[in-house]
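Next, two complexes with chain A in common: one pairs it with chain B, the other with chain C.
Right after this comes the complex of A and B.
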């Protein structure tokens, strides 16, 4: 057993002991788990959020693209960093008003209510689940690579070992995931990534020298069109790169768990602020490391190993092994929450709702665990027999999610007459087009990015499908009309609205207008 | 008049007006009314018998008795009994058997997600209460434009209402 493997095992055992000791401290109480460590301060909360967002993509996918394409890769980071801003300014205000008027708390519930159709919810949930699984597959591949590097095992064995650990941890563990272990992890990763970036930039001589060195190797690394100007003039590709991350999040089936404070509490705005600042910094760091890799690691065979190898270059072996162990643990905590979400939606929203309405809770939990196991097995097969790059997999999943949901959301607020048939056609054909385009490599033949192709087809499907469906109810058309109007509320009041109160607000409005029936 | 279980108001009339006024100094705020919104409070006991990692305790949630939307609660609420005018009470729209099922479903889902149990844990109902949470209805006026807010009198959180 090599030193790195020992460090990895010690690190994992350390996390386990830390997790168990903290769980003993809370007197075996379930509250701390259920409420997700609400008693912790903003700094711990912020760093915990940070460690969850740092997944295999950040450590391996992003740097690999930067290593291969140079500054072109930054388009993806811009979409990622500015995505929420674009959303807020373009669609955000109207969608927010619509959500309030509909009393919807999550994006998929919003679509179900706006298009007055359970089928829309089911199709949206299925698309989300399938492509969330693709994210998990990307994490699996990253886990396999990290473990291969740490233990010296073959990729296949490391992958099976890694996925086995993730699945076992997801269905039985839980202790590693308590906030304190995430907090420790976040510190290791943040310090590690920042350390490598600073060391790398010092070694190269700063950003200006980085650019000068890149230009000396190949000036097209500095171009916004990619290495060898591969995407020259293809604004469709650039637009696709930016939009992919900007739109995708709306298709994710956020399970919004509301908390009702039983006494007045201070909100954790500090945590959100700290976390946002970290995010903005760390979205760009992996790409910068990819550029550094071009200069320092010209013979690198696997671009996804840029960060691990730079870690071994700049730090003593022990520290690099700790960083890789933290990465492995981060992959575990990201994967387990997605897997858990997938299992819960499949078992409760699909199995219990559609297939077996009278299923007992024991059966539902069992189905959920079997679904997780199945996703794991499929993941291993995909990752061993035809492993795509982590970047390609994440971009593919994001692209399909964007193609499925973008038109549905835009039409929901800009068209009074957009109906359920139109939106179903749009979601299904948008997703199908992106899949066919990607699998058949039609972008090479046509020069059109799969995301752009999916977008065009989903718009056409919406227009055509809409002709065959019944128009939305008059009440819904009125709501769409209302959502268009500007809200006459002062800015500072608007800024602090608690949107989780939307269902109550809708009901109180109806009550005040005399539209509510008598008590049951 | 109806005798109902409710919670003690933390954000009083003056406090609400003062808090909103601090956020927007150029706006006049006035209390129009107070309404009582129905929720079911459910407390379950939870037990996991795993010898290595045993876990037990109580978990509680509320179910909005109009929309059926669940929410976790952070501590056991203290209720007081008050006589309230019927015109200020929102009517319940869900039967009790519906709300208890929603509560169980929600807790199983949350436990399954947050605690990661391999099998369904045992949860049993310890207590349940119908209670009414007070919300202030506040009118605001800024530059000739009027708007209406509902303010949670316990947490101080607010949301606009779409009433004229």
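Right after this comes the complex of A and C.
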């Protein structure tokens, strides 16, 4: 057995032990199993959020796009690099407050309680389960492909082994196992990708030499419009490419749940800082490796394998082992979070709230575990029989989820009057637009990215739908107001407050002194 | 710069710095809000 395989196996075992070690803590409490008892600090929140957001796409789909399109691919990285800052700034504090005020444990339960509608929950659950499953199946395919190529195992066996570890610790350890393994994996991911990128750039003579070599092959690799200027002048495609990862995270249930599990609203500021630093180190590197692949691996048959093959061809040994671990870390940290969310939605939102309202905490935890196991097994079967392109599947699934839920989550904390008709229209039309746009290839005809089209339609649907539904109850409007945080006095009033109140204060003092017979 | 066309350089390269600055600004803005909240409690 090679040194790299041994290092990788030790890493997987370490994760398994870490994840399972949380099983005793979470055994019978739904709150602990599903949300980790709302106990996460800034560093864990930031790194679990980012390692969950950055899936196998970052090691396979992203570099493949860079390999095929050159610098145009960086548009996707630009949005991604700011995604967590936008997500935490816009939703962080308000969603943390609101979820506690509503007593919501899952992102779907949150929508149901905020919009006071069972229909919202049913529609949101259906969209989530279908597209979160598609998302996690893409991760499983990525895991199988990577392990097959790098360890020499068969695709099926590699898939079962890799995914088996994820399922094992997620089922036993619940949310805490997921976030703490994510924390470790985020560190492995950034060390692995930064190490291999530095070595790659040294090998090729630096960024300037890299670009000179790209220009010698085809100057359009350096263009912002893609290879052969395929997207020339299509600002709708560029804007969609930026927005899909800049704001989609606000609509992904397995990501927004991180706002709900923070220790307090004070966690947000530290999480923003940590995730900003992590993003700038991590996110651009895979794309640069895609560029290096154009030069070093000109005859590569499968562009999604550019990073693993670069690592194993040019930097075998420990670097390759770290890279393999980092790649699996990206896949596992996303898969475990999605499996966890799917299990939560099925057990908490469907089983407990629709099928068995009197289910005990112990029973809900058991159902959640069984659901995670079932979805995981279905995922393995689907991944064995239908291995499509990872990039296309991740972009499609995340786009549909983002178009369905982003407007719903943002409106839930910023608009007191956002109602159930508005949110239903927004979720359904956002998802439908993205699906129709993608399946009908309307982006080719219109030059508008499916995500941008879905976003515009979902915003319009929310505005129009709101006019038809009844406003939320008085109580809910008060909760939204409370979630905005302590009331501040407007600056212009604060500035003049002492001047405006001084005559009044003087009169009161004189009156009291007169009444009480006090001399000055 | 870095052998990139000017358009590519100026539209793409500054972004990591812009986002990092945004992260730092948001950190201090929220720290101020947290302090104000603590004082008002």
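The working rule: the second predicted complex is superposed on the first by the 261 of 520 C-alpha atoms of A that agree within 3 Å, B and C clash if a C-alpha of one lies under 4 Å from a C-alpha of the other, contacts with A are read in each partner's own complex, and residues count from 1 in each chain.
Keep this in mind: contacts are C-beta pairs under 8 Å (C-beta built on N, C-alpha and C of every residue); 3 or more make two chains touch, one makes a residue touch a chain.
This one's a predicted model, so the numbers in the text were calculated from it and none came from an experiment.
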item: Chain B versus chain C, judged by how many residues of chain A each one touches; value: B
item: Which of chain B and chain C A:369 touches, first, second, both or neither; value: first
item: Contacts of A:212 with chain B and chain C, given as first, second, both or neither; value: second
item: Contacts of A:74 with chain B and chain C, given as first, second, both or neither; value: second
item: First, second, both or neither for A:9, with chain B first and chain C second; value: neither
item: Touching partner for A:230 - first (chain B), second (chain C), both, neither; value: neither
item: Set of chain A residues, in rising order, touched by both chain B and chain C; value: 265, 488
item: Footprint of chain B on chain A - complex, ascending; value: 20, 23, 28-31, 33-36, 38, 100-101, 103, 105, 170-175, 177, 255, 257-265, 336, 340-341, 344, 348, 360-362, 364-366, 368-369, 482, 487-493, 496-509, 511-513, 516-520
item: Chain A partner contacts - residues on chain B that touch it in the complex; value: 7, 10-11, 20, 23-24, 26-27, 35, 37, 39, 46, 53-59, 62, 64, 66-67, 69-77, 90-95, 104-105, 108-120, 135, 137, 140, 142, 145-147, 149-150, 152, 154-163
item: Chain C partner contacts - residues on chain A that touch it in the complex; value: 71, 74-75, 78, 81-82, 85, 88-89, 93, 207-209, 211-212, 215, 222-224, 265-266, 268-270, 272-273, 275-277, 279-280, 284, 485-486, 488
item: Touch list for chain C against partner chain A, complex; value: 2-5, 7-8, 11-12, 15-16, 18-20, 22-24, 26-27, 30-31, 33-34, 36-37, 40
